[in-house]
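Before we start, here is the structure in question, set down as structure tokens.
When the chains are written out, they are named A, B, C and D in that same order, and each has its own residue count from 1.
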Amino acid sequence: MLAIGVDIGGTKIAAGAVDEDGRILASTRRRTPATDVPLILEAVADAVEELSRDREIGAVGVGAAGFVGADRSTIVFAANLAWRDCPFGAQLAERIGLPVVVENDANAAGWAEFRFGAARGARDMMMLTVGTGLGGALVLDGRLVRGSAGFAGEVAHMNVVPEGQWCGCGRRGCLEQYTSGRALVRMARHRALAADPLLSPLLEEAGGVPKEIDGPTITRLAQQGDPGCAALLAELGRWLGFGAASIAAVLDPEVFVIGGGVGDAGELLLAPARDSFAASLVARGHRPLAPFVRASTGDRAGMIGAADLARSEP
Amino acid sequence: MLAIGVDIGGTKIAAGAVDEDGRILASTRRRTPATDVPLILEAVADAVEELSRDREIGAVGVGAAGFVGADRSTIVFAANLAWRDCPFGAQLAERIGLPVVVENDANAAGWAEFRFGAARGARDMMMLTVGTGLGGALVLDGRLVRGSAGFAGEVAHMNVVPEGQWCGCGRRGCLEQYTSGRALVRMARHRALAADPLLSPLLEEAGGVPKEIDGPTITRLAQQGDPGCAALLAELGRWLGFGAASIAAVLDPEVFVIGGGVGDAGELLLAPARDSFAASLVARGHRPLAPFVRASTGDRAGMIGAADLARSEP
Amino acid sequence: MLAIGVDIGGTKIAAGAVDEDGRILASTRRRTPATDVPLILEAVADAVEELSRDREIGAVGVGAAGFVGADRSTIVFAANLAWRDCPFGAQLAERIGLPVVVENDANAAGWAEFRFGAARGARDMMMLTVGTGLGGALVLDGRLVRGSAGFAGEVAHMNVVPEGQWCGCGRRGCLEQYTSGRALVRMARHRALAADPLLSPLLEEAGGVPKEIDGPTITRLAQQGDPGCAALLAELGRWLGFGAASIAAVLDPEVFVIGGGVGDAGELLLAPARDSFAASLVARGHRPLAPFVRASTGDRAGMIGAADLARSEP
Amino acid sequence: MLAIGVDIGGTKIAAGAVDEDGRILASTRRRTPATDVPLILEAVADAVEELSRDREIGAVGVGAAGFVGADRSTIVFAANLAWRDCPFGAQLAERIGLPVVVENDANAAGWAEFRFGAARGARDMMMLTVGTGLGGALVLDGRLVRGSAGFAGEVAHMNVVPEGQWCGCGRRGCLEQYTSGRALVRMARHRALAADPLLSPLLEEAGGVPKEIDGPTITRLAQQGDPGCAALLAELGRWLGFGAASIAAVLDPEVFVIGGGVGDAGELLLAPARDSFAASLVARGHRPLAPFVRASTGDRAGMIGAADLARSEP
């Protein structure tokens, strides 16, 4: 059975017809009309119709940033898009005449890694997506954990530093403020401001202006061997491993999959994360250390995972 | 079908024949010969045989402090008892001729609360046992979460304070160092030492000697209305709610069940825990707040839960 | 002997002729031409000349935000004004033909409190100015402590939370990020964002928009008895007392003087500061507790103190 | 003029006749009768009389662990000796017929470094004595800072980690819990317990028993190139530099002198301290970095400093 996966991002909507092996047979995209939910619904319906024209489609899965209710239809709220308590799934189902499930986008991407990617063959998995923010997806015993209200997997808002950095969620010390693309850039800009000599090459690259420092430049310099930029990624990795150790204390997952744009820094991020995880994990020496592996499904993980969840957990 | 539940504690072994409704039909106990595993095995076997004499027993569940392997037989290590990588379940099964499963004692107690106690009827549950230390048990979708190596539920060793109080596990800042009976007494003794005027009545009760302060006295005075002792329990509760909020960010459980000897302080602990949980939880205002309820199964929760796990998840 | 005190702020320059008892006999003001040091010098010179016309002036003291060198002439750098390593005092002296000393503005204000205000009669004093930021001035044995490079008194940048809130200085966890007007407003906005029910009245006052919350409104509501706003000021006070306790461990000053716009909240800030100071101070019970008193010299403390320092410590 | 310096330690009393250049012309020692103040007074008087027999002595300075009052006579309290609010100086003066001043032992040692040792020629100095605990002595403008109650210099009890390690003073997060011999050993034992592979050589040296790890072994192995032990000292050094940066924010001293038994590890401690100081100091890049130098006066610093303070600040 084919299913369509739709990934609604802040700027574009990507949709694809996905088969049972996670292969994308056809895909299309639309701009995201961010300010208006009916327009988003129209754009998604339009994309679904395009992909349904020549194929038998059994279900549609939608991945969206934000908190998705336990009904797998309602988008409760989101930081960057217009919806509040919006029964998007039910509306879309009515509009297109197909069964629809809505999932948090990090959950959808995590599911793709679990089924077809880096965690294929595992039974438990924690995926941590280090992009601009920090996303999480949890699979236990082969099932995606959604939580009682649908809000599971929000590792971004575990508290790691009491009285720490304020978070956009209104509380302080959230893990996302210590390990995410935003945290990386903020750390770099402040250290440059404080005249950290290790960051001279990065600052120079940014024309001497701390505010001009951006994430891709940090990763690029680090990959070219710049020790200051490598140290920034290593600090991000340390926090990632530190947070993962608290997760492992409670959940003891088999494997950690690291995705997202910052995750593309690869071993520059993962090696310090593993060290920090080992140092921070209870009963080290008496237990296997869960491996940290890079996500392998790429940009289209959200689309693939959403489609597969719609098909396999209707 | 009847099952026997065995709870191996630091000083005594309690065993009971438990029916499918969690009722104890008969029980017995032995001293724990803590220094010698073969002697523990003999004592458990002896207790099982006594309870099996007049009854048809289908299975035996053993709850033990310590890390229990994913095979539900091996006790990997424990802080207070003599075993290291000991295949206790297999040895006991051979000795008594009945199927045996071994479970972590906090998991066993949590399961009893889930099936027969405070969380009956829920689908998800996190139990936090605030005794001398801090125990945890996690049920998701009606199933006990054991983790890939069998080590799930160790909430005691989530990190809540980077560079915080050293823990017996060899790392610093573990939640158990902030919310447990040991943490309560340590806090009281230090504040008394620092001449905190709020603690004068407690210090007087201890004969003016900070080292003589103990936990039950704190709870008793708090229940009698002493504001200093109430403040100590409130601080413990705040950490409990703070840790629970990080758990909820990842797992979004339906209910928190609070057990253990310190948990007996009831609302003196639970009310501040709820406040702190609400203040520390992401997306408050957009989600239901998981209730905090007291465990209701009592001292015999470990025995009942171990028996039921042996029966229902053989 | 009369001296002129000049207070260079971000928006205006205030100058006054001050006698030996700290009385202002005449005063004038100019706009601060923030972007251009020669223009600032002209404006100051002009104000000095106006005040010198009918009086015998012995010295000029200039208080300026920023780091002032040990030569008491060079403004090394400042966050909000244009100078970097600028020999302002020497230039002004040459321009006006009078002896000039330059002081950090918080030092100048602190000196006024020590000589003529809340700490008159004390031998040691620590002044903490809780305005938009946090300033400090230290007097030991009757002398203003300037430090080996002229940078003493920067209590704003004591670290109080490792891995805490990033500071404009490029490091994290500085006291100023926890106790200052900016910290107050940030805390209020985030808590409102997190739907803290205690902050509903404040949020309503701000038209329901967290970003519209400002400091004066918080103080006003707190003074009218609003518990949420009082709690915000109390938290600021707790950090103030906590920081002061670390200062007292090292310096053991006789008195703390609290100034600045947030300091105007009075006991709403000072009472929790005293409690926190007592709870955080080593050897409490074996030592007198330094009192926390409000600054009494008002807006013109910087002008008066600068004049007096120029006269008494030429 | 000759003065006698007396250093009252937990196990022995050392006394010496000291000339104006800080040279010890003669010395003697007694056991410390720790439980009985009159016996301590007798022992000190006896030592003073021995040294006075053949010499003209102008004054006696006594250095003692503990909080010494502003009268420079009263020992207010001490952790390890029997006195509480004891007018030791006055009693001794009456007994021996010579002027006596009592000083905190860290202050006395710091004064010796300032006058005759590593800080000779400086105007300001902060000495940090990293022994079993952490001591401090502060000199500003050539004068020892004693504080309003006599309690200045207690850097041990600056708070560096809110909610951190409990301290013997009854509060948590004191600097001494992060940088002192006791902190070093505790860290080593816990990390060994947590099976940190870097600490295998150290653990082996301690016979495989974490509790047998001691400080001198750590320093010895570190000096022999063991990376695990070097890392332990480096972490101590990082906290030392971190605490020093907060001190420098307030006081801006010219030089930091590092003494004490752990200080003997030299660059293994000092190099990371310097790095951490530079990274943690406000306005780095706009100010000179105070050097960190080792104390040079040795074991007898307390004796020499006490004598000199009695002579030069009677």
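Everything that follows uses one rule, which is that a residue touches a chain if its C-beta (ideal position, glycine included) is under 8 Å from a C-beta of that chain, and two chains touch if they have at least 3 such contacts.
These numbers were taken from a predicted model, which means no experiment stands behind them.
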Next on the checklist: Counting C-beta pairs in contact, which chain pair has more, A-C or A-B?
Outcome noted: A-B
Checklist entry - Equivalent interface to A-D, which of C-D, B-D or B-C, with over half of contact pairs matching by residue number? => result B-C
Next on the checklist: Can you work out the whole-Å distance between the CA centroids of chain A and chain C?
Outcome noted: 45
Item to check | Rounded Å distance, chain A centre to chain B centre (Cα mean) | outcome: 34
Checklist outcome for this item: So chain C residues touching two or more other chains come to 161-163, 169, 171, 194-196, 279
Checklist entry - chain D touches which residues of chain A in the complex? => result 162-163, 194-196, 279, 284-285
Next on the checklist: Touching residues of chain A toward chain C in the complex: what are they?
Outcome noted: 161, 163-172, 178, 186-187, 190-196
Item to check | Contact footprint of chain B on chain A as seen in their complex | outcome: 67, 76-77, 123-124, 136, 138, 140-141, 143, 145-162, 169, 171, 174, 242, 245-247, 249-254, 279-280, 282-283, 286-288, 290
